[in-house]
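Labels for the chains are A, B and C, by order of writing; each one numbers its residues from 1.
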């Protein structure tokens, strides 16, 4: 189980960093700038969560997140002509990571003694704020709030599913697996069937 | 007194959230994205203050701020054609909230043992950084630093007035009321008479 | 030694604030908005470091950073026609500040018990995130990740040099001086010879 979770963690970090690095390269960032955007995309959500929880940011406890982000940079540099063909693989990795990150955010928040509604918010922040910070850095309106099929909603959904599992007294590991799988499945279905949250019509539309 | 303060807090949160949601809708954000922008506008300033003070962010201690922001979203969805007619009401609510938020920021900072000048800075951050974060999220240059009539200056003014009240040994509740009223009145006058801080002329102007 | 370090600290703060204020004035910010951008440029990197380290932000412990930033604002207002002629002086002050800020970030992080790789990251954040936050506030893509000659790389380099000095058991004050000088020299050389990190070529280039 440890190896599977570690694999999901690294695969998600890699895919999150790749998304930041690719968008930075489209904006003519230099290698180091793209690396920073990749790191922020990968660890930004968890960092905001840890700052709000008053915990030591998780990536400061082991260098693996910066190393995996560095590998993502090397990957884009070395294989840039082939990166676009791997879109589907990156999407799967991204979605695996999303499920894991949401669950990690929910569990850590509960461990810190906060109620379930705060945990659901923190799971959502963990999964979605890295992408939001990426879009702020590259000076674009946040994609996840405009065109991404249920990206943030899948995070909320995963938190609610975790809550329902605890109401059923399921063991923690099973609750975590079901919650992560819920995020994964909802997000896959939303992309496949192009389901998205309606655009908010303003007074001028 | 408790009910009046709670009313001001909720009215201000509602009006701050409305301003974020309306600007997000003008940028074609989806419902969830607009909700996030609304929340960030309403609680962002206080969150930055609490992070700098090393306090638990206030909105994590009770769900009311997220609920009031959710009501603001529903309000914009349900009454979007009429929202524009309520501009004056929203402005009054926003200004009431501004006064309260500044005082809350000043008092909390003093409670944490910081000197008065830090408290004035934190009052200003509490009142103005939510709007700044809103404008970053929707990818606009911060309005409060460019066109808003003395928005941030009114926050500083409220802090200074609080300081003057303490020099006069006024009781805390009275100092707080006078400070919040000062913010309210200065802001109302600045909007009415279109008073604003001069634009900084650069070397190219 | 105390006076020299204090001079470097104030000169760096002044130059960082000047860079924020000048860019804000080019965007038609008002005086107060330009002041805020100046402060964020000067203290933003150290604030992010202190929040991540769970330390009290350094500028909340003495008002000198806000005062020096205020002097920078007055300087731009009073001498705006002559500011452009001082570009070289500002560049030297900025680079002196960069060297000092990196070393302060490295040393403080080690004092908080973190390993050397975290210290190098924090030194880099201390030196470079203020400029990044400045560019977010004025709604531009971060300059330091696109066109600045080895700005962020010089921060990393300074941290690595500090690490090498500790491997040689040099006394702390000497290690700090060599590290700050390394940042200064690398940055001066990079600007003089227009050395920069290559742009990351994306799949579309």
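Here, contacts are C-beta pairs under 8 Å (C-beta built on N, C-alpha and C of every residue); 3 or more make two chains touch, one makes a residue touch a chain.
Just so it is clear, the structure is predicted and the values come from calculations on it, not from any experiment.
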Next on the checklist: If every chain is a node and each touching pair gets an edge, what shape is that graph: line, ring, star, complete or other?
Outcome noted: complete
Next on the checklist: Give me the superposition rotation angle from chain A to chain C, based on Cα atoms, as a multiple of 5 degrees.
Outcome noted: 120
Item to check | Separation of chain B from chain C, taking each centre as the mean of its C-alpha atoms, in whole Å | outcome: 30
Checklist entry - Taking each residue of chain B in turn, which ones touch at least two of the other chains? => result 51, 54, 136, 139
Next on the checklist: Give the list of chain A residues in touch with chain C in this complex.
Outcome noted: 21-22, 24-34, 36-37, 47, 51, 54, 56-57, 60, 63, 66, 73, 76-77, 80-81, 83-84, 136-139
Checklist outcome for this item: So, in the complex, the side of chain C touching chain A is made of residues 51-52, 54, 114, 117-118, 121, 132, 136, 139-142, 144-146, 152-153, 196-205
